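The same subunit A turns up in both complexes below, where it pairs with subunit B and then with subunit C.
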Partner chain A sequence: MNKQSGHLSEFQIAFRHFRRNRLAWTGVMILSLLYGGAVLADFLSPYSFKDENRNYSYAPPTSIHFFDNGRLAWPYVNGMKLSFDEYNKRVYQRDPAKHYPLQFLVKGEEYRFLGLFPCRRHFFGVEAPGRWYLLGADARGRDMFSRLLYGGRVSLTIGLMGAVIAFSLGLIIGGISGYYGGRLDNFLMRLCEMFMMVPGFYLLLALRAAVPDNFNSVQVYFSIVIILSFIGWAGLARIVRGMCLSLREREYVLAAKSLGLSDIRIILRHILPHTLSYSIFAVMLSIPGYILGESALSLIGLGIQDPYASWGNMLSDAMSIVRIKFAPWILSPAFLIFLTVVCFNVIGDALRDCLDPMLKAEGHRDG
Partner chain B sequence: MPVEGGDGGVDVLLELKNIKKFFPIKHGGTDKRQRFVRAVDDVSLDIASGENLSLVGESGCGKTTLGRIALRLIPADGGSIVFNGEDISRIPNRYLKEYRKNMQMVFQDPYSSLDPRFTVRHILREAMTLTMNAYPTEDAQRDRMAELLEAVGLRQPDILSRYPHEFSGGERQRIAIARALVLNPRLLILDEAVSSLDVIIQQQLINLLADLQQRYHLTYFFISHNLRVVKKISRKIAVMYQGKIVEAAPAEEIFRNPLHPYTKELLAAAIDYKAIPHGRGIQMAPKARLVDQGQGHFVLEG
Partner chain C sequence: MLSTTSDPRSFNDIIAKETSTTLVTGHIFEGLTTTNAFTTKVEPHLAERWEVSPDGLVWTFYLKEGVVWNDGRPLTADDVVFTFNDLIYNPDIPSSARDIFTIDGKIFKVEKMDDHTVRFTLPVKFAPFLRGMSQPILPQHKLKKAVEDGRFNFTWGIDTAPEKIVGTGPFRLTRYDPGQRLIFERNPFYWKKSEEGDSLPYLDQIVYLIVQNADVELLKFMEGTLDSYSVRGMDYPLLKPLEKDGDFTVYDLGPDMGSQFIFFNQNPGKNPNTGKPFVEPHKLAWFRNAAFRRAVAHAIDKDKIIEIVNNNLGYPQHSPMGPAAGFFHNPHVVHYDYDLEKAREILRGTGFMDKDKDGFLEDEKGNLLEFSFYTNAGNTERMDIAAIIRQDLEGLGMKVNFRALEFNTLVSRLTSTFEWEAVLLGLTGGIEPHFGKNVWMSSGQLHMWYPRQESPATEWEKRIDEIFIQGVQELDEKKRKQLYDEYQLIVSEQLPLIYTILGVKIYAVRNKFGNLKPAPYGEIFHNLEEIYIKEGYK
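Our next item is the complex of A and B:
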């Protein structure tokens, strides 16, 4: 209703401010691309995440050719011939005899489009006997590009879900603690401190160790989400609690109380919304931590298990310097993790800047 | 009890008996004894129906604290609150709603008494939650809002969709009054309702309050630090100093014949703008009691 009449709430004003920040918008765009890629992974990827071909172990990125015998042609790739050099290292050579044109909506493995209906078309690729590695192949000859898209599904959502759960836990526990005060507050805050005392990574390992090892991949995924959020909520809860201690003294809270509103409603409507401006950017800035946490777990083999892809477990392939030297493309997940982390940080910083006037007005600038 | 009508048989709406509130002072260092601010120290007051009582005293003497205790917004450390013949000081919180309909408060700071995230429409609608069955439909709610906004003299057309930061202090205070009136209370506690406003707006609001009293049969418990402001609207005045009532009497009596030295100072400050010599010099014995001087005039002595 306020849109029609031109009256802007503080959040709307802050959002206008945010839109003017170029860097942050670039971050938003890049993240949208990454998340979009993860959502449409099975359509966009030429191959499935477990489509392996041992003949192409660590095959380099396939070069695309635009000229055929000196004449301009529809882009195509050639086949590859495998040979070994004097150190018994694999060498892939172009095989000009085999010629596979690039195709859009090429037929491939069947999948369910957006989980809804079965579909065989992939956005681009080459016809069957040919194999096309946009970003090279991993040890088992699986397409890195496809696996990056599938891995994004895990790595990008695990961070987000972990952050959302930690955020809700932190808000609720911090809100209750700050609003009621007293002994409950004391208890909850000591609990927080227990979680904050243990260094994050050890807690991560300890909790992971507590998860049964016969879990399937979905169960592992969710247990990692829960583990991650367990680690993150305490910090936010403490800060939110501090804000609530001062917010509950505001006269509009007393007014709501005298109007007979229940405690829950007061907390949800008049207290927690005022901590949002802080918590939103706190959460934005914490998402990279969750993504890195998942990557770390998967990297040391405690997270998502092969053949399922996550950026972290793809990187576990890149733990040997020799492999990185001869197949540098296996580092590409690291680049995506880096990119994502930077984007979230840039957005978080921009949010802080544009929510700053609100934070100042609400008197918890350095909360 | 102090501040009693001459004819005794008046219908007492709110009775505060021996209210105490001590706030612990946070202290560092090695001193292990807990110290307290005696914000409200054994205060007793009656407010009869339709009879406005003003509580006057300097900043920090405990007026707001007393007002909040009366509404049970903060717990008292001692004493009892009797509203309309019923002791509400020991009722569990969940049953308080019934009483809160009858007592509302307009808060001291118009800049913090309205939630900045809510439009006026939301603020007023929220105030209706307790009486939802009285205004069940959108239309009934809208009519009620329009009536209240008209009553407090806010007439701009788009007022309902505006946010608090789009109003002046005086306008905000009117919104706060409208919100307090939503539930049709019998008693309105006005905590420095006009203190933060300029003299002209103060006068307007005082007149508005007088009108509203006629219209809605309200009783006011008016809290102020300025005697002059409450002169017109109050029938009785209680003077508070360092958590105690030092003098209580009908309004004219206080102005004509102030007895306690602190009242004299307050009066001097309000009327002649004379600098207060120094209030802290006034001594009060712990055993001091209010003594009846006749004609409902009580003074702290001892």
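Our next item is the complex of A and C:
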């Protein structure tokens, strides 16, 4: 009991330490915004991720007008008409006859709010047939902003889930390996090395090729998560194993053993918690790897398949300099990937700073 | 300075199958005839003239005097006889030309009359004979030994020293750095003279940069490294306004030869190892139903594909011989407009209904209308086309599992494992319908929806087989066209391949070249030997 409350307070100290780190705190805020956006994607986005309008291919962000015939008016957007100029460049002309006021809680496509009840209201938008592209449109006239929110569902959760799976695998295998030592340790560590030996990206491609075609998007998503975590666990397992090797020699482990506790209990209750401070920031720092892994896979067309959105497959549209020149907004997923990766790294670094002194203090006390 | 996007696989023209190789060998080797780049008529090349017997079976070619190989040895009738008898008709050599020069299993008899005269005796009449005679001629004195030793298939691979590759063409290879560049220099022995009597070619050197993708090519062209660039629809708005400042000209040469199409697996065979059918029987029944394919054809939004993918530069395609094929193009085939209502109606008429109200159709026996749809990853334009088609098919109530496969994986599925359901792919085309024989004859290797049939599976495939056999022996151009018009009509009715759009042939070329005469058929550099660099650009 005493021990547990001791732990809590240590984490509380660490948390206070963490809050003083402005940069990391900003990272937490940004990430919360991004995750919030992903969770509420159907509500916040004006259109569904597959709602396309082929008349608005690569439409630029819609300009919002505040004056109607020189008089101040409720903000509105105009209809747009596509034509090609003498150089076959897309030109969108404003059609002043079509006038669509901006609205909040506008009626649109039906979805299930938080997966619970059906709802037709979208946070903002204009009434059909008007289109309001906050961040422009992609090749087939789908709203980039909506797709970024939906894509965040894939790209942001894939990192978390992959990391959690890899983390559990790594902790358990590393713990067992370090605690028992001997032949089992030898076997498990060679297994780890086998996984680490294969270049990650090629392993990714090979495993992806083994996924059947008729998987639906959810199954593909989970298979990618599993593939990614399959690659990631080995590194963590090796480090945890190293820590366990020294931890198992500690007096309190000996005490636990002599009290007759089962091995599993000793590993879970007395050894692994001591590796937590390291593994928490290790996991934090590994999340960007998973996000980038998914992006890379989707970028080359082997990850999440169209029409489903992920930041990676949205970015595959931007693999051409010509498209970027004429429709720079298709690069926006790259910006979000960048932002997310930076946030996770900043937070991971800050966590290390907070947890490290604690590690040292703990060492002193035990010694 | 020109560019290519992939390395040649060999310098051996006889066993070459890919354009990356023929691009290189095209500068080095020449045939007896050539195709005029403007009129697409056949003209003499290495042959001075020819005579044909009244029954059209015996052709006598008189070779030009004074043609020498680029090592100085003269070209003789022996080389022509060697190319046909010892290379093309050699059963140990996997020659892609053998199919073309074999009719009903019979081959041509090729004989030397004297040093500059060759006689071809045909078993039956063969309409595209003269066009086929553009087959490159290879030197006997260099290759005879390799053939005798049985080493020909490994001769003139990409590891060969460039000076050993001997041809009669205007240029010879001097250097090849894999993955980087190919360098050709002027062949000093070249036979052709300009009208003013100058020896050709004018250019001293051609350098091909090997770049990995079209975007890199575009950048290299814009920075001035490359002198010519094949413009994609989406590049046009970028390059066209720069014409003046960049000192280049954009040439629009009309519709492309190549076609892009979606097709369904109609192969009723079974995997010999597992005994499992290549396609599940209920799916095979849909795919073999022409009505089903017509419904799909009505769901292809050709206009929007052209707008979105090609910046409005492109043409809808309806027939296997596109407008670029000229004479043999049949514009009066069945056109399928983009009409989803009509597609739905056809599907209803074929018994597809949404019985369980899940938004997807089921066939009469209640099987979900679901299939996988592949294309090759890496080609962004094709991926976009596939995505648009997929969206519309899903709108019709088909559950389409789209997936991009790596190109070689896709090809091996198509040609050896046969485990696929629907595919979007492209083929290059030509002006001579008979050279599409391996696609359209039911026994063909590239008869992709059901290749290498022993006897035609359907009535219409049987009729196409007949047309190809008759057409090749019909010497009257008008009657020949009628036959090939019928084949195009059958294809548009039966839709084994459902055509999408044709790209455009647009090139951006720097203004430094003189004598540049772009032509729809020959494209930009068909008269490379006559092209020179203008004063002031040197």
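Quick note on the criterion: the second predicted complex is superposed on the first by the 352 of 367 C-alpha atoms of A that agree within 3 Å, B and C clash if a C-alpha of one lies under 4 Å from a C-alpha of the other, contacts with A are read in each partner's own complex, and residues count from 1 in each chain.
Convention: a residue touches a chain if its C-beta (ideal position, glycine included) is under 8 Å from a C-beta of that chain, and two chains touch if they have at least 3 such contacts.
The model shown is predicted, which means the values in this text are computed figures rather than measured ones.
Peer 1: On the A-aligned overlay, A:274 touches which partner chain: subunit B = first, subunit C = second, or both, or neither?
Peer 2: First partner only, subunit B.
Peer 1: Using the superposition on chain A described above, determine whether A:250 touches subunit B (first), subunit C (second), both, or neither.
Peer 2: In the superposed model, A:250 contacts subunit B only, not subunit C.
Peer 1: Applying the touch criterion given at the start, work out whether A:258 contacts subunit B, subunit C, both or neither, answering first, second, both or neither.
Peer 2: Once the two structures are laid over each other on A, A:258 reaches subunit B alone.
Peer 1: Between subunit B and subunit C, which makes contact with more of the residues in subunit A?
Peer 2: C
Peer 1: Kindly classify A:69 by the partners it touches after superposition: subunit B alone (first), subunit C alone (second), both, or neither?
Peer 2: Once the two structures are laid over each other on A, A:69 reaches no partner at all.
Peer 1: What does subunit B use to touch subunit A in their complex?
Peer 2: 68, 71, 73, 96-97, 100-101, 103-105, 107-109, 112-117, 119, 121, 126-127, 129-130, 158, 161-163, 165-166, 176, 179, 182-183
Peer 1: Using the touch definition up top, name the residues of subunit A that touch subunit B in the complex.
Peer 2: Result: residues 1-2, 5, 7-11, 250-252, 254-261, 269-270, 273-274, 361 of subunit A touch subunit B.
Peer 1: Show me the residue ranges of subunit C that touch subunit A in the complex, using the header's touch definition.
Peer 2: Going by the criterion above, the answer is residues 215, 218-219, 232-238, 240-241, 301, 304, 307-309, 311-313, 370, 372, 377-378, 380, 383-384, 387-388, 390-391, 401-404, 409.
Peer 1: Enumerate the contact residues on subunit A facing subunit C in the complex.
Peer 2: Of all residues in subunit A, those touching subunit C are 50, 52, 54, 57, 82, 84-90, 139-140, 209, 213-215, 300-302, 305-307, 316-317, 319-323, 325-326.
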